[in-house]
Amino acid sequence: MTAPILSLRGLSKSYGALKVTDDVTLDIGASELHAIIGPNGAGKTTLIGEITGEVPLDVGQVTFAGEDITRLPIHARALRGLTRSFQITQILPAFTVLENVATAAQAHDRSSFRFFRQVSRDARLNDKAVAALDQVGLRPKAELPATSLSHGEKRQLEIAMALVSEPKLLLLDEPMAGMGREETESLVAVLMALKGRYPMVLVEHDMHAVFRLADRISVLVYGRVIASGTPDEVRADPAVREAYLGEEDFA
Amino acid sequence: MADIATSAPASIPAPLWRRHAIALVIFAALAVVPFIWPERYVLSLVGRAMVFGIAALSLDLILGYGAMVSFGHAAFLGLGGYAVAILSAHGIDEAAISFPVAMLVGAAFALVTGAISLKTRGVYFIMITLAFGQMAFFTATSLSAYGGDDGLRMFSRSDVFGTRLLRNETSFYFVVLGVLLGVYLLLRAIVGSRFGRVLRGAKENERRMRALGFDPFRYRLAAYVISGAICALAGALFANLTLFVSPAYMSWQRSGDMIAMVVAGGLGTLNGAIIGAIGVLLIEEWLAELTQHWKALFGPLVVLVAIFARGGLVKLIDRGAGR
Amino acid sequence: QEPIRIGVIETLSGPSAVLGQHARDGFLLAVRQLGGRMAGREVQVTVVDDELKPDVAVQRVQTMLDRDKVDFVVGPIFSNVLQAIHAPVVNSQRAFLISANAGPSTYAGRGCHENFFVTSYQNDQVHEVLGAYAQSRNLRRVFLMTPNYQAGRDAMAGFKRHFRGEIVDEIFTPLGHLDFAAELARIGSSNADGLFTFMPGGMGVNLVRQYRQAGLVQRVPFLSAFTVDESTLPAQQDAAIGMLAGMTWAPNMDNPQNRKFVADFEAAFGYVPGSYAMQAYDAAMLIDSAARATGGNLSNRDAVRAALRKADFVSLRGKFRFANNHYPIQDFYTVRAAKRADGKFQTEIVDRVFTDYTDVYAAQCQMRW
Amino acid sequence: MSSTLLIIQTLNGLQLGVLLFLIAAGLTLVFGVMDFINLAHGVQYMLGAYLAAMFVAWTGSFVIGLILALISALAFGLLLEIVVMRHLYDRDHLEQVLATFGLILFLNEAVKIIWGAAPLQVPVPDMLTGSIVIANGVLYPVWRLAIIGAGLGVALGLYLVVAKTRVGMLIRAGASNAQMVSALGVDIRRLFMIVFGFGAMLAGFAGCMAAPVLSVEPGMGDNLLILAFVVIVIGGIGSIRGAFVGALIVGLTDTLLRSFSVDLLRLGGLSAGDARTIGPAIASMSIYILMAAVLFFRPTGLFPAKG
Amino acid sequence: MLTVSSLEAGYGDVQVLFGISLSIAQGEVVTLLGRNGMGKTTTIKSIFGLVKPSGGTIAMDEVALAGKPPFRAAQAGLGLVPEGRQIFPNLTVEENLIATAADRDRAAKPWSLERVYEFFPRLKERRRNMGTQLSGGEQQMLAIGRALMTNPKLLVLDEATEGLAPVIRQEIWACLARLKQDGQSILVIDKNVDALVKLADRHLILEKGRLVWEGTSADFLASPDLKDRYLHV
């Protein structure tokens, strides 16, 4: 295995008596799609927060692309290519769909301390944004304010914003939640296409998607990694079946 | 607690031509005033309204586009005024010196207080800016050497590169109009720029902006400093207009008046700030002529604007023109 | 014939509105008694509110001068407003400024101006009255308390001008101060045998009532300026009875013009006039005297000024004349709050402290006439 | 700086704090719970004082006057709610600020038209006049103790209602998501109306309690409104407990610094004259400095309402 | 029980629903299917008065609801689990459950705190936590529990299993099945068509704001092209 893009060493975090992250050590390979699954409240979103810097750690170390980023603030991590989508949709509601994506592109395109040129006519940003909207199928809605999107459409918008952020690693927190079958299918296709290009961490409860996409899966229960392996290994693990998968067959 | 102004209803911005049409009408109207009413009191009334227009524009930048409700903004007005008046008391009457100094003073005060205030959000921000405004107010009150509570007189308007340009009422009027136009164009450019987009984005959803890689604090602070400098410039003009500065220019009521102007005119539109400032001052003046109990009329008027002109007077004009 | 136009600018909104109301009503009463005419010309009075905002005051005065073409500007109550409007009016080449209340030192000495007249007093004088009184009554140890602003500091300075005893302590309270519990505790625990204070408006109402509630009235006599007067007595009521103040006049001053003034005023407006009303009334009479002296021709400014300087009118104070700085030379009294037979409250004259008193700044004024 | 003086000043600080709490409580309730910024709270306090002055003068009895004033304050609050406030609940905070700013202008002028510009007064009720000895040689006015008592009672009652009852839960829920509360079967508008009316009555009550100590005059609520905002911001918006603690801190800081700042500065080595001029300036700024400091270290106040 | 006829609604000038008519009988479980953005949520919001309908009628047990404020719908017996959870962030879990609890028609077996906790043990563990401190899935459970605590005659779930772990999702299906056995009427929107087919009696398919198909589970299974055409599975 080549050097991992992201490595977590001994992460721990408690809220009072509740241990949400309990000595998590994990490596994400430079080209893999790594799924993290686990019951509700297991600490998956919290783990993503710890990686991006939103949730301060009690102990542990986060190394990204060979650099220790444990102490860096959120935006500095984002600028280094750590890109996330949110489980509970986070968009810029009054901006148009296009502006939402163009803003994401702007973050990675030179300084934003520019006071005079009209940004709405900035072709470089807009072109990138349009391309991303094409990929997720939101192009027709580009000029609408983002609030007027339906729930599922907002999820697609989040993905588009992640795509233009020049990610070195994509952290996707339940991107399929709230999407219909068709949209899920097309998102799976999008992620399939991206798979070689970006390493990804995917948190998702849609097992059909996870088992099709993931190279490796880690299972988080009560803040601990209880299993880690290929999809087949994980699917076969009785502990995982009991804690998470249940009776359903995810062939 | 929900952040101030994030709950504003989303709206598709008015078409470009209409936005410019309103601004065009305003500036054209202001430009012809001296030809129709050359009387001094009209020039000084409208001049005062324009000075407040500049101050309101500066407030709209942070309030309307950045959701930073500064409740101490009058402090900048006062600081700018005191800078000019104190320099003048020491014999420096040159605007080319005193105006930049005023702006620097405003910017410096904004930098220091902003760096502290911007740790907070929403109503907490409102109150911490009020606190700094009050400190400035009490400091001015205890400046015995410069008149303290009674205020400080200026004996003449500032010179401009040695000329007495500002002493003529009409040319003073056009200078103020020119500054208003300049500030308007500057801010119009800023809010549409990359910088402006980050500012607006941070108002919409700070968490999202951070995750995209922006540090909202730096942009907000920069906007706050720009705003403070511009408002201090308004203060410098204000001191020249009234030939007098006093702590009363910095009172919290005055900051409240400025917020009311911007909100009544229409938040985050720039046009609204100008319309609000001019509208409020002219209506006040007009009502005060009608009756001594004019506040009993003005108050309900303000309430009606708040309730019915959703989005302020510009929205009302927009809707009227939209039919 | 063109009417004589007079602009009256007073504070008519906010907590201090009552003072402006006294002044306005006093002025309007005078004009009414004059039958709305001076020297045969109709009088047109414009009353405006300065909102206690200097810039608003400048704006409104500008309008009076340019649009209404007023011949006289009368007012205001507060010094900071006067500071703001002084230059625009006195330099207007048209109008005279007659202050019917504010009398700051700024314009009494070197800053005196030929177009500026004062019908009230120089501010310090009222405080001096109490200093002199305390001195004459052998109060040896006096406690001073004023708000923390220029007028407050001036008040203390004025008091000390004639007082030779010991100043136990000085307190500056914030302006707009409401609750004096903390200060009263200090006064009570000091061994002062008198308190001198200057607490205009609502501050004075609170102080007087709390002073009474704290039971200090008997122990530490209460000497004040602009704290116990007809503007505050309706709220202080019994709490103020017996407290002393310094003034140039009181409603019970015994002369025919004053008896008529007080009676007419109460009939017209339903409350007891205070010194603010008296001074504005005198301002109107002063203008009337100048109009009469010039035969109603106000276009010759030098003639009008000369007539104003003569002050040829019957003041409610009995005698009245101007010093070279256009501030009055007059008598000063201690007055005491009292309840009248009809249940209303007023101040009443106790002692004359100064006779024909000129303010100390007049000597520095370069005007000679 | 004797110890009796310190005791009295502490009591005074406490009393000022309690009065501030009475005003701040209604403000924080309406603000925190309904997410409504009501600048008119200060004029509602003023109105309470005016009503008390009027009714006490009419009836000659403080208690009857107080009751009538409270009923009228409540009725007026409900009227305001119906005519103005309810159109603004789902609006931007700043539009609420604007509308209630208009109400301030109107009501300040209206009381002047109705009751005149001169200040009015309310006598201290007979049974509560005078002072009592609370320690060796320390006298304290009974009425001020009554204010302290009333404030403590209101604090406790409010805390219990908001934190422990279902009505309390509903109003907190309504603050965060009124539509959802309604969709679950509660008439949120009526609930808000009641809360608002109650807040108005609390403001009125504060006015009634203050009237015997302070002068009743137009604009008397304006500065106290700002102080009340300082209090709830220091305490943490929406938290009754925060308002209480904040009010006491502000009351004590203000009173004690006012009394002792000059002495402290002199102890610090300043000359008497300097201390006398700087001390009061610092004292008037003290609560603002305090607030800025609190917010610097705790950007959402001392007791942020959780969530 | 619930009857909707010719419902029209939209946002501002944009019309989203075009003449929707549907009815749900006592004890029935009905689904509302369709791709993203077709108007499912808007239909629910209109029924609850969260969006003002521009035309048509809505009646719940004879009570006319169109144009009425939301609480009328709830009082008439509708219980909502909204899209996006919308739990109260500043209340604890337990307070979220209690605050709006009601038993308006004296249900035979009313929902109580204990019953909800029994149903979602995870909630019991977190009952002192504030709403915001819950994980996404926990919030979802809480939203369902909260609606059940109003003892609704018709339970309306908009994407109620979104973001839930498979085991929990299975549990919720099982729970809905149990509720159905108890005679609870349910209107459900969900993307797990396969599970819904087993559970529900009838299905409605929305396409661009119009009702384009209606039928029983058997009908649905019998015409596989439906999925392709409208749901694209």
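Note that the chains are named A, B, C, D and E in the order they appear, and that numbering of residues resets to 1 at the start of each chain.
Keep in mind that, in the parts below, contacts are C-beta pairs under 8 Å (C-beta built on N, C-alpha and C of every residue); 3 or more make two chains touch, one makes a residue touch a chain.
What you see is a predicted model; the values in this text were computed from it and never measured.
K.L.:
Looking at C-alpha means, what's the farthest chain from chain B?
P.N.:
Measuring from the centre of chain B, the most distant chain centre belongs to E.
K.L.:
Name the chain pair with more contacting C-beta pairs, choosing from A-E and D-E.
P.N.:
If we tally the contacting C-beta pairs, A-E comes out ahead.
K.L.:
Taking each chain's centre as the mean of its CA atoms, which one is most distant from chain A?
P.N.:
Result for max centroid distance from chain A is chain C.
K.L.:
In whole angstrom, how far does the Cα centroid of chain B sit from the Cα centroid of chain D?
P.N.:
About 31 Å, centre to centre.
K.L.:
Could you please state the distance in Å, as a whole number, between where the Cα atoms of chain A are centred and where those of chain D are centred?
P.N.:
Roughly 48 Å separates the two chain centres.
K.L.:
At what distance in angstrom does the C-alpha mean of chain D lie from that of chain C?
P.N.:
35
K.L.:
On a C-alpha centroid basis, what's the spacing between chain C and chain E, in Å?
P.N.:
75
K.L.:
List, in ascending order, every residue of chain D touching at least 2 other chains.
P.N.:
108-109, 112, 238, 277, 281, 284, 305
K.L.:
Which chain C residues sit where two or more other chains touch them?
P.N.:
Residues 12-13, 148, 175 of chain C each touch two or more of the other chains.
K.L.:
For chain B, give me the residues that contact two or more of the other chains.
P.N.:
Each of 8, 141-142, 144, 295 in chain B touches at least two other chains.
K.L.:
Pairwise, which chains touch?
P.N.:
Inter-chain contacts occur between A-B, A-E, B-C, B-D, C-D, D-E.
K.L.:
Considering the complex alone, what residue numbers of chain D touch chain B?
P.N.:
Contacts found on chain D: 31-32, 35, 37, 84, 87-88, 90-99, 101-110, 112-113, 222, 226, 229-230, 233, 237-238, 277, 281, 284-285, 288-289, 291-292, 295-296, 299-301, 305.
K.L.:
Show which residues of chain A lie in contact with chain E when the two form their complex.
P.N.:
Residues of chain A touching chain E: 15, 37-45, 87-89, 148-153, 174, 177-185, 205, 207, 243-248, 250.
K.L.:
With touch defined as at the start, can you tell me which chain E residues reach chain A in the complex?
P.N.:
Per the touch definition, chain E meets chain A at residues 11, 14, 34-37, 41, 83-84, 122, 126, 133-138, 140-141, 159, 162-170, 191, 193, 231-233.
K.L.:
Along chain C, where are the residues that touch chain B in the complex?
P.N.:
Of all residues in chain C, those touching chain B are 12-13, 47-49, 52-55, 58-60, 62-63, 65-67, 79-80, 83-84, 86-88, 104, 106, 148-151, 153, 175.
K.L.:
Quick check on the complex: what are the chain D residues that touch chain C?
P.N.:
Going through chain D, the ones touching chain C are 2, 4-5, 8-9, 12-13, 15-16, 19, 108-109, 112, 116-121, 124, 129, 131, 139, 141, 143-144, 212-220, 223-224, 255-256, 258-259, 276-277, 279-281, 283-284.
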